[in-house]
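Going in written order, the chains are labelled A, B, C, D and E, and every chain counts its residues from 1.
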Amino acid sequence: MLFVEHLSAGYEGTPILYDLSFHVEKGKIMALLGSNGAGKTTALRSVVGKIKPTSGAILYEGKSILNIPTYKMVELGISMIPEGRLLFGKMTVADNLCMGSYRIKNKRLIQKELEEIYNIFPKIKERENQLAETLSGGEQQMVAIARGLMSRPKLLILDEPSLGLAPNIVKEMFEFIKKINHMGLTIIIVEQNAIDTLQFADYAYLINSGKNVLEGTGEELLQNKKVKEIYLGI
Amino acid sequence: TKYNEKQIEHNDYSQDESPISIKESKEETVKIGVLLPMSGAQSKAGQEVKAAMNMFVDIINESTDDIDIPLAQSQGLPNLGGRKIELVYGDLKSADTALSEAERLITSEGAVGICGLFSSANTKTAAVSTEKYGVPLISEGTSPTLTQKGYEYFFRVFPDDTMYVEDSFLYLVELNETKQADIKTVALVSEDTEFGKNIANVEKECAEKYGFSIVENITYSSNATNLISESLKLKKADPDVVMMSSYISDVILYIKTFKQLNYSPKMIMGQRGGFMTSELFTALGSDAEGLCSTSAWSLDLQIPLVAKLGNLYKENYSDGVDMIADVLKCSTDLYVLCLAINQAGSTDADAIKEAMLNLIYPEDKLFIAGTGFNFNEVGQNVGTSALICQIKDGKYQTVYPDSIKAYDGLFPLPSWEEK
Amino acid sequence: MKVILEMKHATKKFGGLIANEDITFSIIEGEIIGMVGPNGAGKTTLFNSISGTHSLTSGHVIFDGTDITKKKPYEICKLGIGRTFQIPQALNEMSVFENVLVASLNRHQSISAAKEHTKKVIAMCGLASFIFMNAGDLNVMQKKRLEIARALATEPKLLLLDETMAGLSGVERKEAINLIQRIRISGITILMIEHVMEVVMSVSDRVVVLSSGKLLAEGTPEEVTQNQQVIQAYLGGSVH
Amino acid sequence: MVIQCIFEGIVIGSILALIAMGIALIWGVMNVLSFSQGEFLMIGMYITFFLNKKWGIDPILSIPFTAILMFLIGLLIYKTLIRKALKGPILSQRLITFALSMVLVNGMLMLVTSEFRTIQKITFSGIIDFGFLVISKEKLVPLTVSILVTTVLFFFMNKTNTGKAIRATSLDKDAAELVGINTEFSYALAFGIASAIAGIAGCVLAYYYYITPTVGTSFLLFGLIAVALGGFGSIFGAYIGGILMGLVDVFAGVYFNTAFKYVAVCVLFMLVVSLRPKGLFGK
Amino acid sequence: MRKFININKYFIVKFLAGLLAAIVLPLFIKTPFPLHVMILICIWAIMGMGWNFIGGYAGQVSNGHALFYGIGAYTCGIGVKNFGASPWVTMWIGVMISMGIAFVLGAPLLRLKGHYFALATMAMAECGRIIFLNWSYVGGATGIDFFDRSKPSWYTMQFTSKYPYYYIFLFFVALILLLTKGLDKSKFGYYLRAIKANENSAQSVGIHTAKYKLLAFMLSAGIVSLAGSLYANYLQYIDPTVVMPLNISMMICLVAVMGGIGTVIGPLVGAIVLTIISEYTRATFSYINGFDLFVYGVLVIIIVLYMPNGLISLFNKKQKNKILTPLEMERK
């Protein structure tokens, strides 16, 4: 579904990624692992067009999406839940979710999606009319995920979704990710919660300093000595 | 006397003059600095003055036989070997640019005299430069303080505020006497810069002197976005005469506001400024009818030269806009300066000043009201006199003094409904 | 055993919402206290009350013998409480070095002394390679590290850490735990909010659990993680 | 007298509110304090004037045309200037709009001179005199138009998806892009709408005011203050801010001192913001 | 430690070279107009540098400094006119008054953020202007001209030649430049920058933000007031429309922004460029109505648009955002 080949990218002359490649198949969960500052977020941002790669190719459903502006990604079915949430602070939670479905014109679909989401995160429903900026950190994270789902994406990109969530919520969220994956959603996930992630990921890549280091199925990586030692710290 | 002391001070002031000497210009032309508002709300008036000045420059530089005034028949200034006049322009944005622009015109452009469209405030700062470099400054800044400061090179060809205001009250007295107008109360309305404030002061004195009582004295902000409260106050006070000193924007706004509030003053006596502009007619149309303003010149003066100049201006210089008194005043300043230069036969400042003080002008060739160009020692022309115009049929028409009036003034003004 | 911080019946309301309700507990000098609780339980709110970002609706905060309930953030910092923000608040237009330098000036009058101190703190927090970087361009984790560095540079007696370990990988967590222990050794008391139980368990002497604004439990990490209520409200099933 | 004052205050306030509305929009969405808004008003007035002079179109009827034309002019200015300026620091954005206002005023001065003009042919004029209250019909125009514009804008921003998208853009540009909002479009739209509102304000002001290139400048300061007084980000606040200033203006002039009426307005503003640093309705 | 002295030495060399150039430059000028422009540059430079403390370093963008400029000008004017006091003394009184007013008004106004602060200061200056316009003791709209020849020029600071003005003003420029340099890398400077970057987090590291903002406001008010005093002596005539219009408040920002806010020499650079543009566009283009300001506005837009961080960014391209390699770290 998504092929990233030989990607190089960076910020204003500071190169971060060097020749990074990964791909994800339709309906699968793909995990990107790597230590802090490895360039995971940078890679994801390149995918959604937030930064212009200096070289390399990004193919989505067979077509290059290199020069497509970010706001069109949602139309293509790619939705990203960014690191650090980026909610619309001065809008209510409900409006935030509503903005998530900005590109969907069908009111009924939106309503259905909303109900589903409220089911998963009942907490959000309680806070429906509160301004997003006054939510607790974890609540904000939930809203961010919920908002990402509201656009009914085909490919969901999650950048450290468990960040700042209470353990029970994290568990629920992972369950939920599995569930939506079963429903046919393709998922790319960046997580530090590596053990859990690798358990349900179909395929995973380990990157370091902007380069591929290792790749394999979740299980393979989970067993890999190197991963255990260097990354999981076990 | 006080004045003499001041003059002495000034004499030694000019002796320890700046190290920068001004080169006697050897070029063909005689350069005269003209300061005009080139931007902002007054720049339209500036343009008109510029056009009128160009007319006088053409009259002087070319031989213009049908206008029978000195310097018209010859080309250039005869006493300077036919050297022609050239205007160099400076922009008047505010009082401090008046200073630096005057300085620039004198020192960089070689202007031998400065004139233009000045407010009193701008005149004051420009005078700092002209006095310093010893260059004649002719301005129609009407604040009487200008001639009380002991400026050595300052001249005013037309009346100052005292004369104008005095005239306005004399007119009221006349109306009371001849028409039983029964004017007792006046209200003063003045904008809050130098121009308005000064006039308000003089008006206060005069009102007392001639026995009118002031029922309202309004100072308002000259960049006001609305003049509602001012107009409401006037309406409430309901004076017999509203005396106003305002710039054009405020005049328009006042008249419109009066109309919208259904307030019809019996008489509005303006003190030039906004009341003496051609824009008044285009902006207010028939609503301008009946407004009075003091003035020093009018197209209806019974002097053949006036009509001739007026026509020449209207046809060749202004795209069909009539000559307005204030425009003529400023351009006459230029003409008078040229006369003095010619009479002096040199561009030396002191020679020009001398010539100015002893200006010889044939009385039969006058094109202004009054007796001529006779400057007293403080630089004020004592041969000038003020008059009062009222707007009738889209024109300024002289209503006072009696000797030159074109028609009988209308008093009181009809209400808005009747108009 | 000296009590360094004491919360007395702390209550904080936002309009109708009670974010903290009648919270009482104390911290002893030299301790590391972990604070956990579900999202929205009121942990950050409590931090804000302690550090003076907002003041309590009722109740008191006593620090080192002084009542700091109504004090301003800078006064509280001067008294010796350093804090980090859950959502990092770096001085974005300034470099990492300057960020820490500004904080160092809290206790150092001269610039050169402050610079020396800054270097030490930066090295300790592992930010040395970023010193010329514009703080706004750091990624989230790096910003969190900068938060710690800035709080440390003010040379506090009590350090409040709000989820500074979130998003660290295993090795990095070890390093961070290491850092915390080093901080403790230097004599600083630590109160840390953390959702990563692994960290909480391994470093804290005691754990405070908040839930729905109230103090739910308090005790050693073991005690707390066995607590049925805590498991239900926060941990969800088994602990790992 | 009091009733007359209230009426006049509200009329003046309505004009200020219209100017404030555009400023509030640009402020809210782009976080730019637009000093050129007064000049958009002025251009709107000239468009109205020339339409009236050429074809005798009444200013009210020219509202749609002026609004659309101003919208396009706004877009053009956005595309050529503001878009690039937005990449710079906030202060330089403000100064660019300040310089822009200088360019517009003086460009206009070169085009049409500073001559003061007024609209001659208007259908809706005359007065109704109740004795205690004189209503001039021209003034009913700003009154109604400003209420209409405020309501429409309020609903547009809060109830329509496009409006919400503009708001979302203003809150977080990055996040807005991620949910599929074309932020460039949002900005351009917001700037265009703000210009169009200034154009509308121009139409109704032209109804009873003089027209000259510098006319916008004097309204600007009070438009800006009205926004801040009401509380930025709040369209309703901008409206109330405008009305309040109009009332203070008239009452201070009549019952206090005409020379100091703007001091009263400014002092009121400073008092309000010292007590409520985000304005009356600011959050 | 030595390192910093080195930097200072480098600065002092540059500073002295610049000063020397500024001192000898007028000797090559034959007409007064360029000298007049240079005098204006000095005035604007002082104003820009003064504003820079509150607007540039502390990031509290005031759009009302014309008030302090006016107060400075008026104190000198009234001092000479009504009391025969020497401007050398009265300008310091003006500084005190300005600082006092900044203190009183700063306390409530500095609580405002961003555009609110800008607008509130703007309103403040407007009030000041209107009050002075209607206050007869200070001459009201008529203003005061305090040209006075009865006392020696050095006493009244009124000279017939422009040179003394230029050198006096230059002295103050140099003085304030040194002051800025001294504060730039001081605790005060860092604190102001921290406040600009994020007040919240500045507070949390122990900065009494309100106090430092107020100090910066007062300092900048004092310096701008000084500029007003100097200018008044140069002009010898002042009225509220000359020394207190809104435009001046905006121009002060413009000077600093054009040069580069929050930098030591930015305002100076801005003053040089802006004054030259302003004076020479007027001298060159004013023959068509509005043309000069049109050109001026276009130039300002171009410069600010393409150099949003000021002209100064042309000179020092900072090696920003650099992640150091271990090797570089060792060298450091």
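Just so it is clear, a contact is a pair of C-beta atoms (placed from the backbone, for glycine too) under 8 Å apart; a residue touches a chain by one contact, two chains touch by 3 or more.
Treat the numbers as computed from the prediction; the structure is a model and nothing was measured.
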Contacts shared by subunit B with subunit E include exactly D
Min route length, chain touch network, subunit C to subunit D, equals 2
When A-C and A-D are ranked by contacting C-beta pairs, first place goes to A-C
In whole angstrom, the CA-centroid distance of subunit B from subunit C equals 76
The distance between the C-alpha centres of subunit A and subunit E, rounded to whole Å, is 50
CA centroids of subunit B and subunit D: separation to the nearest Å works out as 37
Among all residues of subunit B, those touching at least two other chains are 39, 43, 47, 192, 219, 221
Among subunit D residues, those touching two or more other chains are 105-106, 109, 113-114, 259, 262
Where subunit E touches two or more other chains at once, the residues are 130, 133-134, 288-293, 321-323
Residue set of subunit D touching subunit E in the complex reads 27, 31, 33, 35, 81, 84-85, 87-92, 94-96, 98-103, 105-110, 113-114, 213, 221, 224-225, 228, 232, 259-260, 262-263, 265-267, 269-270, 273-274, 277-279
Per the touch rule, the subunit A residues reaching subunit D in their complex are 48, 50, 69-75, 79-80, 82, 86-91, 95, 98-100, 102-103, 131, 147-148, 150-151
Listed in rising order, the residues of subunit B that touch subunit E in the complex are 9, 13, 16-20, 38-39, 43, 46-47, 89-91, 93-97, 99-101, 103-104, 107-108, 121, 124-125, 128, 132, 143, 145, 149, 192-194, 196-198, 219, 221
Given the complex, residues on subunit B that touch subunit D span 39-44, 47, 192, 218-221, 223-226, 228-230, 232-233, 236, 248-249, 252-253, 256, 259-262, 279, 282-285, 416
In the complex, the residues of subunit E that touch subunit D are 55, 61, 108-109, 111-116, 118-120, 122-124, 126-127, 130-131, 133-134, 246, 250, 253-254, 257, 261, 288-294, 296-298, 300-301, 304-305, 308-309
